[in-house]
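Listed below are the structures to be examined.
Each of the two complexes below includes chain A, the first together with chain B, the second together with chain C.
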Partner chain A sequence: MLIGVEVNDFFEKYGSKTGKFEMEVEPGFNVQKLLQRLNIPLDRIGFVIVNEKRVDFDYILSEGDEVYILPFATGG
Partner chain B sequence: MEKRYIKNIGTLTCEGQERMFQTTAAVVGAGGIGGFVIEGLARLGVKEIVVVDKDVFDETNLNRQVLSTVNNLGSPKVIEAERRVKEINPRVRFQSVSQKACLENLHDFLGETDYIFDATDNIEIRKELSKFVQDTDKVLIHGGCAGWYVQVTVITKHTPSIERLFRDASDQGAEKVLGNPVFAPMLTAALELSEFCKLVSGKGKPLAGKCLVVNLLTNEYRVFEF
Partner chain C sequence: MLGNDFIRVLYIDLQNRKADIKERKDLYRYLGGTGVAAKLLEENMKKDLPPLHKEQPLIISIGPLSTIFPVVTKAVATFISPHTGEYGESHAGGRLAMAMRNAGYDAIVITGRADKPTYLSITDRSIEFKDARAMWGLDIEEVGRVVREREPGPGKRSIIRIGRAGENLVTYSCVNVDTYRHFGRLGMGTVFGSKNLKAMIIMGERDLPISNLKEYFKTYQEIYKKATQTDAMAKYHELGTPINIKVLNAINSLPTKNLLQSTFEHADDISGETFAEKNLIRKVSCTGCPIGCIHIGQFRREFDKGYEYESIAVSYDHELIYALGSLLGIRTSDEVLEIIEEVELAGLDAMTTGVVLAWATEALQKGLITKQDTLVDLEFGNTKEYIKAIDYIADRANEFYYTIGNGLNEAVKKYGGQEFALLYGGNEMAGYHTGYAFALGQTVGARHSHLDNAGYSYDQTAKELRDEEIVDYVIKEEKERNVLTSLCICLFARKVYDRPTILKALHSIGIDWTDDDLTRLGNDIFFTKLKIKKELGFSLENYRFPKRVFETPTLWGRMDEERLNKLLKMYIERVEKEYADWSRGQ
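Take a look at the complex of A and B:
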């Protein structure tokens, strides 16, 4: 099944794939597996947004989901 | 209406400005975001500003903290904040709290406030502020920044807590890598202040239960639910 993915440019420095692209993933594929496939370190993740809602790492992706991955901005 | 507020009118109504005169706001953290928020609150003309911060200015603050200067390094941030507020708008009352905020002491100095600005730099105190406003029916305006990125939301007893926003995350914001040039806290404060004005004047759609994230590298503003 096809999903839309957008990875914030911040993750470039970890060798992660960034930018906006489509991905083919198998049914039952969850967010944690997506992050691992994209080479994004889990301990640097802030928000994973799917269809404009915050989700957890165990969220199971569905056909047509639009995923946006970005870091926290928690400085002051 | 005093002349000093004329340029607020149109965005704020006269009634909204009058409500501003009756509003007490607290700013927890008088650093990057907090300095700009305090400056903004003084110019907006709130009744009283409560500022909570136990730190003194040091040289690393000079790149972004508007209240810091080469002449006040070593001085308590709350003292410099009060000096600035009195220079801008002597009518605004000022209460300084030179303590580290924690759940046990929030009632002591935030009990009389209507709105609380999160201008801190760590997730743990944010969780405590969120619990406090949800227990006491106040409003928390959360903001954070990291280089090119900003996030802002509003927490009330009717929204999810800030723990729902951060969940099990460690304290690993992008600012640890990117730092914070001056525009990051400046923009965060501007967004927090505009949320405040929306809430006080009853205009627009406040970010209650929704988080705004800004990416200045790609010129994008997005909103998501949490």
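Take a look at the complex of A and C:
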């Protein structure tokens, strides 16, 4: 099934693909597996937002989901 | 003082043009930075006199690790804030800490009012009071250039100065430090103005006595590696704090259009990524920092017809993009930089200026004020009109601008609109509408800064919100940050300088403190500040949060007013109990 993914530029240094793209994943695929496939260290994740709602790593993705992966905002 | 168990304090009396130096052993237990500066404020302030009275002191302090360890770059200033009327504290980087270190002063206390505009030239050998009448009225850039040209000496010096806003006593005027850094919040620039002090140049060439060079150098290298070869600080160099714009926008936490919204339809156009692609021309560092977090952006301005352009470079970060960007509905990175430049030249605090203008925009829309007051058509997204309004604030152009030049607390007394005046604890809001911990944290923080206790961080990392835990977090975090800022460690390096690292660094220069000593220090500073605030009449009893913060969703949905009030009550009860215990111990 096809999902939309947007990975924040912050994760580029971990070798992750960044920007907006589409991905083919298997049915039953969860967020944690997606992050692993994208080479994003789980302990660097701030937020995973699917269809504008914050979700946990065990969230099961569905066809057409829009996934947005972000770090935490920091003080400045 | 490096190598000695005392704090070397330079006292300057502007009124009588006198200076004195004291070696204060009794202050050594406060180490430096916020600890020494708070203590010096406590003993020199006149609690019954107004904040801008000539007898009120202005203090700047550095710490034992300043300049000689990586990312220990800050100088801490304390004063009675003309903006809030209570405890004022502000931090700045640049070259100031290095210059004070080389000149041999751990702290500077300035009192009195010069009888004419003056600038100070401070070296390790001399203190000179110089005529600044010709500089009065000059903007930040011009006065920096004039002082540079007039004062001979090596490049290792710091020039700090005010603009028109400070001269005109706008209560949220900043002190510019070496062009790209600032004592921004709470009106230190106003205190300069009230003392007829336009600028200070500081330099020196004293040796830095390190007794155990081998241990010091080993410790330095370890810290340097941690700062540069791990990802503890990498994010501050890459996109810098503007990376926050996209993140906060995605989680309903980016204050937009006077917080009528917490997401911005043009967030991508003013994001850190967009600034990096379109405007970023270089990154620079404070002296002694290997990171390079200061992002300089450039924009092009047409200054005359016939294709006449100039390029302007200013520093930008998250708070500026929030306060002078999303909060005012500004849609492009170029326009945000244009507004930043105007604020810079006038010498205003960027955050408060943005929040004041956002309130004025809505007040005009709602008919609480008219165009006769504002002189311009304030509307969200209208850069040109905001730029004119910034000048009017700095010049106190009419009664309306005079009033808003005293901040939103004063503005709402005269014009109303308290319910949408974005104030926390009397200071204008920072750029994180993340939820309860941020709202509580900025309200109760000693200097009403989001950086006092980083409530925004709790809001983001918590799996669920627990009231006891929120109160506990903001208290513990503020005490711990007091340790870091007493050492003048940049808060961006807080992950580098954990407790063992701090103790090791202190040990390497002959300061044998323990973990318990640091805990005692954080606690003492926390309550010393509270004592000052109480003496100045500050109280959070009967405090009311502005309605707007409950109307617009945060990361955790809409905040419940009752719950936030309950959190505040819990905080007050706990801190008052601890304060009573601490006072007895004193």
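To be clear about the criterion, the second predicted complex is superposed on the first by the 75 of 76 C-alpha atoms of A that agree within 3 Å, B and C clash if a C-alpha of one lies under 4 Å from a C-alpha of the other, contacts with A are read in each partner's own complex, and residues count from 1 in each chain.
Everything that follows uses one rule, which is that a residue touches a chain if its C-beta (ideal position, glycine included) is under 8 Å from a C-beta of that chain, and two chains touch if they have at least 3 such contacts.
A quick note: this is a predicted structure, and the numbers were derived from the prediction, not measured.
Asker: Both complexes share chain A, so when I overlay them there, do chain B and chain C fit or clash?
Answerer: When both complexes are placed onto chain A, chain B and chain C end up clashing with one another.
Asker: Does the superposition put A:Y59 against chain B (first), chain C (second), both, or neither?
Answerer: Touch status of A:Y59: no partner.
Asker: Please work out whether A:P71 is in contact with chain B alone, chain C alone, both, or neither, and reply first, second, both or neither.
Answerer: It touches chain B and chain C both.
Asker: Now for A:K13: first (chain B), second (chain C), both, or neither, which partner does it touch?
Answerer: Both partners, chain B and chain C.
Asker: Going by the contact rule set out at the top, does A:D43 touch chain B (first), chain C (second), both, or neither?
Answerer: first
Asker: Between chain B and chain C, pick out the one touching the greater number of residues of chain A.
Answerer: The partner with more contacted residues on chain A is B.
Asker: From the options 458-466, 494-502 or 512-520, pick the one stretch of chain C whose C-alpha atoms clash with chain B.
Answerer: 458-466
Asker: Overlap of the chain B and chain C footprints on chain A, residue-wise?
Answerer: Correct list for chain A: 8-10, 13, 46-47, 49, 54, 68, 70-76.
Asker: Residue numbers of chain B touching chain A in their complex, please.
Answerer: 29, 31-34, 119-123, 126, 144-147, 149-151, 164-167, 169-175, 177-180, 184-185, 211, 213, 215, 217-218, 222-226
Asker: Going by the contact rule set out above, which residues of chain A touch chain C in the complex?
Answerer: Against chain C, chain A makes touches at 8-10, 13, 46-47, 49, 54, 68, 70-76.
Asker: So in the complex, which bits of chain C are touching chain A?
Answerer: Per the touch definition, chain C meets chain A at residues 231, 234-236, 238-241, 243-244, 246-248, 250-251, 253, 273, 317-319, 432, 434, 450-451, 454, 456-457, 460-461, 491, 555.
Asker: Any idea which chain A residues touch chain B in the complex?
Answerer: 8-10, 13, 43-47, 49, 52-54, 56, 68, 70-76
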